[in-house]
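Below, chain A partners chain B and then partners chain C, in two separate complexes.
Right, the complex of A and B next:
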């Protein structure tokens, strides 16, 4: 039983990181119809900025979270305002541009932070472990689960219960009608892109508690985010949450029960979902 | 007119024969080109500059020339990718006409380039071990030794420390299997028993699920590639409160001092294998460490030591051939090289496998610095599968 609980906690903590990575990308895809392949490197930028703030300069971990979120948000805003806004409704150009930013930002990070990976870091209060059913379990992982759920509720509230959320959803469903109502969709989209980039940055710092940060992280994370979005569905916080947790739990149990098939389990899940529900488990239908 | 020109040309010719500056002659001589395929981009991007430092130091110790011929180093970025490495090797051989190549690092790149290199009769070196199969080609200098030869002392040492059962965590690729086969061979040679082997994919981000399934044993040994994975595994192993002693492989190169400092207490007490330890008190090593620190501004580690020893081998062999880099002359000279390197005594088998000392190290804090402290030396270790 205790083994089951530990595996479940492992899955939930990893799943929460996956949810945070995928949620921002999913909203951008749903709201703006933009496939932002640079989302993974925004996660990495956030993690590096968080590391610099919290580890190098010794600021509290919460400040690292804020700095990481803002750092990635600003970079994201520059990408959207400077380049992407000229490429709305041009999916091929968007993919090429954002993939180009993967390499540009990866090399900039290499230049600024060097090639050596940075170790996992967390708040002092979250360092160490506690006993759960006689097994030692890291506090940082439990904190990741809790923080992830809190952020999921905030994002759901923003999307489904606020005026700005209603504007975003209206823009997803009918852009022309929404603009006809006098809503400045361009400003809304820029805000959505900024918030999505901030979430990626916060996810980077939270994820660094488990994974640390290193130069190849941007591309690795991008792949995971795409799997979660395919499973959960595009354009909804609930979908990203379900997809992230499902993939996280399946990955954890797969590693524990069938270690040599560990790389296969999450892809298998994705294939099954694609076959049964091509729009994802909770994706917004066109 | 003709009468004037002929004596003038004759005088010029005589002068050119007798009075030319010998140094200018050397500069004008055809350079000896040495290619190097190192990683400056991709997941192992941080390793390329360190390997390059070791090569440059060896070149500079020879004043960048051998037998009056200047040495020319042509460095290519392998991008931590086997296909790119093959492209760069082809470029070095076909366009730059090199007959000597240092690197690449990874086993998949070795497999990709081996047939081509053998066919072209190029002398090539590994940067950090190679398989025993490669030795059959007789054109690879395999340094510091084979994968198995490098880690077999870990198995011996774990048994000598009183452990009789072991769990192994093995990165699931050819190199990972090779390193951990060495640990297994050493441990079982002495009568130990492996009770579980956990295979983890390359690039594993979260080791938690694997760690929570480890069976009870006297100790755990591991190999996962590169700094990122090693440090994540150690961090998560400690966080999950596993009490079994942990033995690592390739420690000093995967976890250099700055990384140890960031890992802090989590790394203290960790024991395992290292090919080179900068803090080993030895006159040759101390002199080299001081020179490297002066030249590059940082304490060298196993990567610089490896590329330095490999390059020194090649340059010593070139000296003995009088600067002739043709494969048929250079290969026999290279495998006969005997050197005292910062790592210790170095020689080669006729197949090109290096014979070096094997070190067991422990992570400690000394004078406020995190260091790998050598606690046992296994002299002149050779892969047990090779007959001396």
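Right, the complex of A and C next:
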């Protein structure tokens, strides 16, 4: 029983990181029709910046989170305003451009931070562990679950209960009509992209506690984000949350129960979802 | 009437003259020149031909059908892995065994993955093919049987033998083998593109609903196009296995999948020879960048992608084709 709870908590904390990685990309895909393959690299940039502020300069963890988020957000904003803005409705070009940025940013990170991988680090506040049902469990993972959950609620509230969320959803449904109503969709899109990149950066700092940071991370994270999006469905916070938690929990139990097949459990989930509901569990029907 | 006829007669002669020169240059550059170059440059040109074949085949799905696949390296690598496994576990390097098995393996995997990937369309097709490609990547990474002890991937491959005792391939005859296979395959793809099947694919790209209304089973067309395209990926993968001597999970992964897509976009999507030009550009930029700044070549390559997209969005190949049109129609009456 306690093993079950531990696995569940492992799955939930990993799933929260997955949710944060995928949510930004999913919203950008759904709202702006932009396929941003550089999303995983933004996560990596956030993780590196967070590592530098929180570990190298010993700043408080919260400042590390903010710095990582802002760092990734600014890089994302530059990509969107400088380049992607000219490529709306051109999916293939977006793919090529953002993958070009995967190469560029990966190499720049290698330049700045060097090739050696950073171990998973824990903030001083979150060091240590607490006892759950007779077993010790690291505080950092519990904090990840809580932070992820809080962010999920804020994002959901932004999406479903605020004016800006309504604008984004309106733009998703009918771009021309929304612009006709006098909404500056360009500015909305730029802020959506900025927020999405910020979330990727925050996810990077949180995820670095579980996964560490290394140079090949960008593509691995991109793959995880895509699987979560395929499972959960594109364009909504709820879809990313469901997909992320599902994949995280399945992965944790897969690792505990059949360690040899653990790599494939998430692919298996993805294939089953594709066969049953190609548009994802909570995706809109095409 | 006389004047028009004369003009019509004059133009083909003009075109013929230029195309004879162009094909002559092409034959000299890829057909004769390599025999006199260093084996390193021969290797680079072989690599170029393999990737040209890979991306022209990829273009069937990407350009003609308009579905962005980001998983073609999985089938490319599968061809290479068949060669590698045959060599490592069974010590078979016979071309007549390896090539058909490699192509069959690629086709078989595509026949399964195609069913999954074609349940979605548009940009989601890209996501699904990407994830399926990474599935093969992680299989190759984790299964011991597919790795030489002590490393990721399989090393120690050799050029194929043909069962003709005593005579073995050297790099230059392998180069000509690749050249012949590539030319035959591109000719076949041209046939396919110009057939009613190829036109149906373009029809599906432009308006799937209309094609369905006209009575086409569009799903089946898409499925066949996908599998056909992968057959050529398999051919290229088999040749690449022989060429590279090492095959590793990277060759199944997204980095490799991305190359044909770039080559198509840079050269000109949906044109027959655009991808060849794109392949030439990328392979040679890769070569120069890796000589000049080995540490920073991804930066150069990424910069190239960004510049192409921002400034030559239609593709360098299309730009060259327009130039070509201008040269072969000096009167300036271009119909495109």
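Here is the rule we use: the second predicted complex is superposed on the first by the 284 of 286 C-alpha atoms of A that agree within 3 Å, B and C clash if a C-alpha of one lies under 4 Å from a C-alpha of the other, contacts with A are read in each partner's own complex, and residues count from 1 in each chain.
In this text, contacts are C-beta pairs under 8 Å (C-beta built on N, C-alpha and C of every residue); 3 or more make two chains touch, one makes a residue touch a chain.
Keep in mind that this is a model prediction, so the values were computed, not measured.
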item: Chain C versus chain B on the shared chain A, clash or fit after superposition; value: clash
item: Partner chain(s) touched by A:278 [first = chain B, second = chain C, both, neither]; value: second
item: Touched partner set for A:53, first chain B, second chain C, both or neither; value: neither
item: Touching partner for A:3 - first (chain B), second (chain C), both, neither; value: first
item: First, second, both or neither for A:215, with chain B first and chain C second; value: first
item: First (chain B), second (chain C), both or neither touched by A:263; value: both
item: Touching partner for A:26 - first (chain B), second (chain C), both, neither; value: neither
item: Segment of chain C intruding into chain B (one of 6-14, 78-86, 150-158 or 222-230); value: 150-158
item: Set intersection of chain A contacts, chain C complex versus chain B complex; value: 107, 263
item: Chain C contact footprint on chain A (complex, rising order); value: 29, 33, 35, 83, 86-87, 90-93, 95-97, 99-104, 106-108, 111, 219, 222-223, 226-227, 229-230, 234, 263-264, 267, 270-271, 274-275, 278-279, 286
item: In the complex with chain B, residue positions of chain A that touch it; value: 3, 6-7, 10-11, 13-14, 55, 107, 110, 114-120, 128-129, 135-138, 140-141, 210-212, 214-216, 220, 251-256, 259-260, 262-263
item: In the complex, chain B residues that touch chain A; value: 41-43, 45-47, 172, 198-201, 203-206, 208-210, 212-213, 226-228, 231-232, 235-236, 239-242, 256, 258-259, 262-263
item: Residue numbers on chain C that touch chain A, as the complex places them; value: 62, 68, 70, 116, 119-124, 126-128, 130-132, 134-135, 138-139, 141-142, 253-255, 258, 261-262, 265, 269, 296, 298-299, 301-306, 308-310, 313
